[in-house]
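One structure, pasted below without further comment.
Chain lettering (A, B, C, D and E) follows the sequence in which the chains are written, and residue indices restart at 1 in each chain.
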């Protein structure tokens, strides 16, 4: 990371630490969801951005993480923290397992295969009602004797979410500057050339996938505990995957800050519109996304970096540069 | 035995609809490398056109289908020309983002304009069926399968055999060189997108005829399209048909002999199995691999 | 200033406003039902204010309702409950659907708010020990079993075998299980119970499987999309039972418009019909309610509308009875509520369910959903065999 | 002493086409072997087989006597086999310097910092220092060829396979590249296989020349002898070349 | 000679805000063969791109039969009769060799396309054996043949070839040069970029030397061949390249 990057990151972190003190609980909860989405987008970015393997099934790990936590806390009466740790490990292992066949596929075929994994996993959860509650959902006991962990409340979950995001960003930053990160980017740019200079492509892809899965599962675990009752439709919703992709891409895929910036921008914008354009906010939101793509075709982070470097924001120039 | 045959018939007929829904998606994805998330919205839009024509003019849905296709062709052409062409040179996933925005916009406009009520385009004959012994073949779905086959064949001939089709494929592989050859890529891309939208529109009318539709269904049609086109092999029109039929059959047989709740899980299991053996889909050629994404 | 922080505000004109809050699915997959729910709340507000507002203790309040869109996702619904709480909104009207209601109920409980649930029917919501959520509607377990009861009571010859198709979400499964048990109690054979994916429009595999058993009745514990598909595809596949009975779909106008003639004779269960017995001071009888609704929206109310209005009514009544704008007192008043209404009896068991209200069974006759059960309320005789 | 590279009886098919047809050859350590032959003779396919991009239908490939047939390209890279691509394959979004650093990092296990340092050295040698921070998309073809070469050099290979790296370079730059490769061999003892259609470069560089035709060895020998071979003239060099060579026997 | 077929004057072009060409003047007459040489990065490709409309000139004119066509879109320029065989082959990898050739004739509407395909196969017999294979599977040299043939398929009035001999076997280059001479004799003008200066000047009547975006030398081939500045860069003594 550059020095300027580190300063910005530290400042952002400080602001995020102060935030709960200044916000109403409902807004803290909104911010918690923003942080979780930023984690998801950052995690997606490791496999989808750096390695260029656009997973359309990362929600599988979100769901797997959430359900692992829920099942461990209800059926095994484990406390939350060990549950979420195990959830992350489990998801990473699962990713490595499915990654073995699936990461052999390229491009869009990979995208669909992972989508299939997520949809399949959801159906498995629906069809195991004894363990998972099936379609009726599973409720983590938070009151009374069956509660294993004190329910941390709105602010408590904010801290959990912040911790998870910090982990995700730290991992991303570490990956980005490392040899491993170069390997992933080489794979993204030209897998044959990457192999020919000595990148162990299979191992690198598996590691990236597992890492992405583990971080995603952490977010899933926090989300599940916060929600108390979770349902397969929501925890394995394709929409969440799409949002991960959209946020990472809009912010700037294969950058450390891009997914975070994208998640903050989109989630806060979405929230703002939802509050102020009752019932029509998605129309406005859709239109804004369309406009953002047209004017910031390299993503927010790269486009603003360019504008900063050139001391000039040429929106129309960009349009001219990318149109057919 | 009757059950087996009935399941096979159900699967093939459902597969025909899936194939038609996915056909245009596969065309656009394979040729222009645009993952059109808004494809499902085109399907729903087509259904509305057909419904409106039937509701207000009493137009036969099969004629309505032609009108819907024409209307959506124009819409698709305009969208590509005016909007998507602005970002085709941006990184690949940006177009996905763009169409995601379009889909949000479209679906919610439908909700506003038409409410999210369920609708269907009623016809007397579509719900009747041909009885072959114990096996029933509903006419509506049979027609849908027929349309799917005809459209696929037509598209294959168009793309593989005509000058414009060749230009479409060339433009998809290397835009800037295609322009050097005198191909008007903006137009060709717009035609491709328009065709895809037209097919979606036609599919929408058929979906509305044999079942129901409402705006939130759009996402599901996009998902089906995804699976069908990848299963068959991207950008391969025959593949989309094969993919749709295979998907329909898998769902039908799994529903019949395993559990009806497992149909989607099974469909994806088959998808992954197919890709494990054929990484470019059933009939896919790895031409996506050799695409030149430079300008 | 009124007692308590419960959203009472002085307006310039001198009158006071009491603001209730509701998170609704105005966009997303449940936008349709969310809008119906909102209409129900709005008509309630109109009626209350039309009658001069709500008297709490010595003060009369104008009723206001603030809405937020939960985008049909449970986590957003839960978040909104928190946001309402930040603004001092202690009195909530429920969102649409069991998942969102359940998510909201958990937060309501922690925040010390109260919520009256208008559309979360799944019984599991009421097994979690929550004390601050009350449902005006009959729980999921009554949906399908009422149809079975109605058939057992009215159908002649009495059907011997039934087959059930159920969606695989929690609400539908609860309803299906209760329906199956009821069929057993009524001496019918349950030939088959098939689950289909929630929201699917292709149920041909399930139908092909039950077709072999030639059931007398095909029951669906499903939503609208699957409900329509069952009837439509049964026709296509030559499955012709004496009757279809489905939980949610038949009373919905879309059911008749999309199916046309094929809808004839289908039985359905409804939380409310214009024949529902009882009346109250605000709305009068069910028929009066329908008239008021028609006057405002120009069409007949659906039971989703009525549920919502009833929820609003229960909350309004309880606030009036409590006499102060205090969430705990209002909760107690709700727990103690026992009164008749256009929606039937409003009385809650200790878990918060409305255990006393019966479910009506309707049948589509000449394109209209007419009430056929319970008998006392029935305007029409059951047509049997239904098709 | 075992040969550095041993290829025995390798056959490689694409559909009905035999791109390599029972090809056998050995290369001794420290030799520069020129490989020429008609278009489509199988030269690039040969490189692909040696570097693991394509698994041969039959036959063996061994490096220093170790059998590495069908090994993953990354394994061969780490075993000291480096290549360039005839149709260049730069990492488009990395800078020229980072591109070259990748070669050092993954083949020799250098750290990122070490790799970048190494890259600076290599860039100077291949004449790309001025464009170190540029991205490949902005480079002309000549620079991309040098980038291929630089990335391979950064791998510090024992065997270097160069597939037309000098095509498209200006003659004086060709001469400089020839000198660079010779020095590499002389100083590091690198074994080099050069594929070129530029005969001046082949003659200036090669200790030995091998002619491939239809997937098999047509002939192999000293550069002068091979270029005068009638079969080679017939199949590959053409009459204009032969005429010029007669007119101007030493260059 | 009257008005030149192509007359580029004071042309400036570049990428984004990076200028490459600096007031370049160049003409090609009807049926004339002109060679363009220069080191890597000199701007040869940029010049061809500016002429064929792939990049928009920043200044100057490109006159085609007397009319300024600078800034027109590439698809329009092809229609005028200017074909550009781009650097790096740029074949349509998923199309067969035959289809690639047909795309080369995309803007033609006459019936002779099939006979022209046959002519191309005579010129490059190697392609005949590969006619129905995807072009992406061809060897590098085969691809170059296909690219040149594709350019010829357009029956242009001016054929611009970037890196003519890149990757071609010497005997294939010979045949190609002969063929270019024939088509030039039949009236097609040719502008070739070529590093093998001997071959280029053998073929061309005139040549230009481009360095750092500027034309530094121009003249008839024999004069250029003997110019000391040319022989320094092209015939041995080291330049600023690899050291």
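Note that a contact is a pair of C-beta atoms (placed from the backbone, for glycine too) under 8 Å apart; a residue touches a chain by one contact, two chains touch by 3 or more.
None of these values were measured; they are calculated from a predicted model.
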{"item": "Least step count from chain B to chain C, where 1 means the two chains touch", "value": "1"}
{"item": "Labels of chains that are neighbours to chain A and to chain D", "value": "none"}
{"item": "Which of B-E and A-B has more C-beta pairs touching across its chains", "value": "A-B"}
{"item": "Most distant chain from chain D by Cα centroid", "value": "C"}
{"item": "Centroid distance [mean C-alpha coordinates] between chain E and chain D, Å", "value": "27"}
{"item": "Inter-chain centre distance, chain A versus chain C - centres from mean C-alpha coordinates, in Å", "value": "36"}
{"item": "Length of the line joining the C-alpha centres of chain C and chain E, rounded to whole Å", "value": "76"}
{"item": "In chain E, residues with contacts to at least two other chains", "value": "none"}
{"item": "Numbers and ranges of chain A residues touching at least 2 other chains", "value": "123, 126, 279, 282, 321"}
{"item": "Pairs of chains in contact (touch as defined earlier), listed by label", "value": "A-B, A-C, A-D, B-C, B-E, D-E"}
{"item": "Of all residues in chain E, those that touch chain B in their complex", "value": "52-54, 73-75, 78-79, 83-84, 86, 90-95, 99, 102-104, 106-107, 134, 136, 150, 154"}
{"item": "Sites on chain A touched by chain D in the complex", "value": "177-179, 182-183, 185-186, 189-190, 192-202, 254"}
{"item": "Chain A partner contacts - residues on chain B that touch it in the complex", "value": "29, 35, 37, 83, 85-91, 93-98, 100-109, 112, 175, 185-186, 189, 219, 223, 226-227, 230, 234, 259, 261-262, 264-265, 267-269, 271-272, 275-276, 279-281, 288-289"}
{"item": "Partner chain E, residues of chain D touching it in the complex", "value": "14, 37-41, 43-45, 86-88, 124-127, 138-143, 146, 163-164, 167-173, 175-177, 179-180, 197-199, 235-241"}
{"item": "Chain B contact footprint on chain A (complex, rising order)", "value": "54, 101-102, 104-109, 112-113, 115-117, 119-120, 123-124, 126-127, 238-239, 242, 245-246, 249-250, 253, 279-280, 282-283, 285-290, 292-294, 297-299, 319, 321-324"}
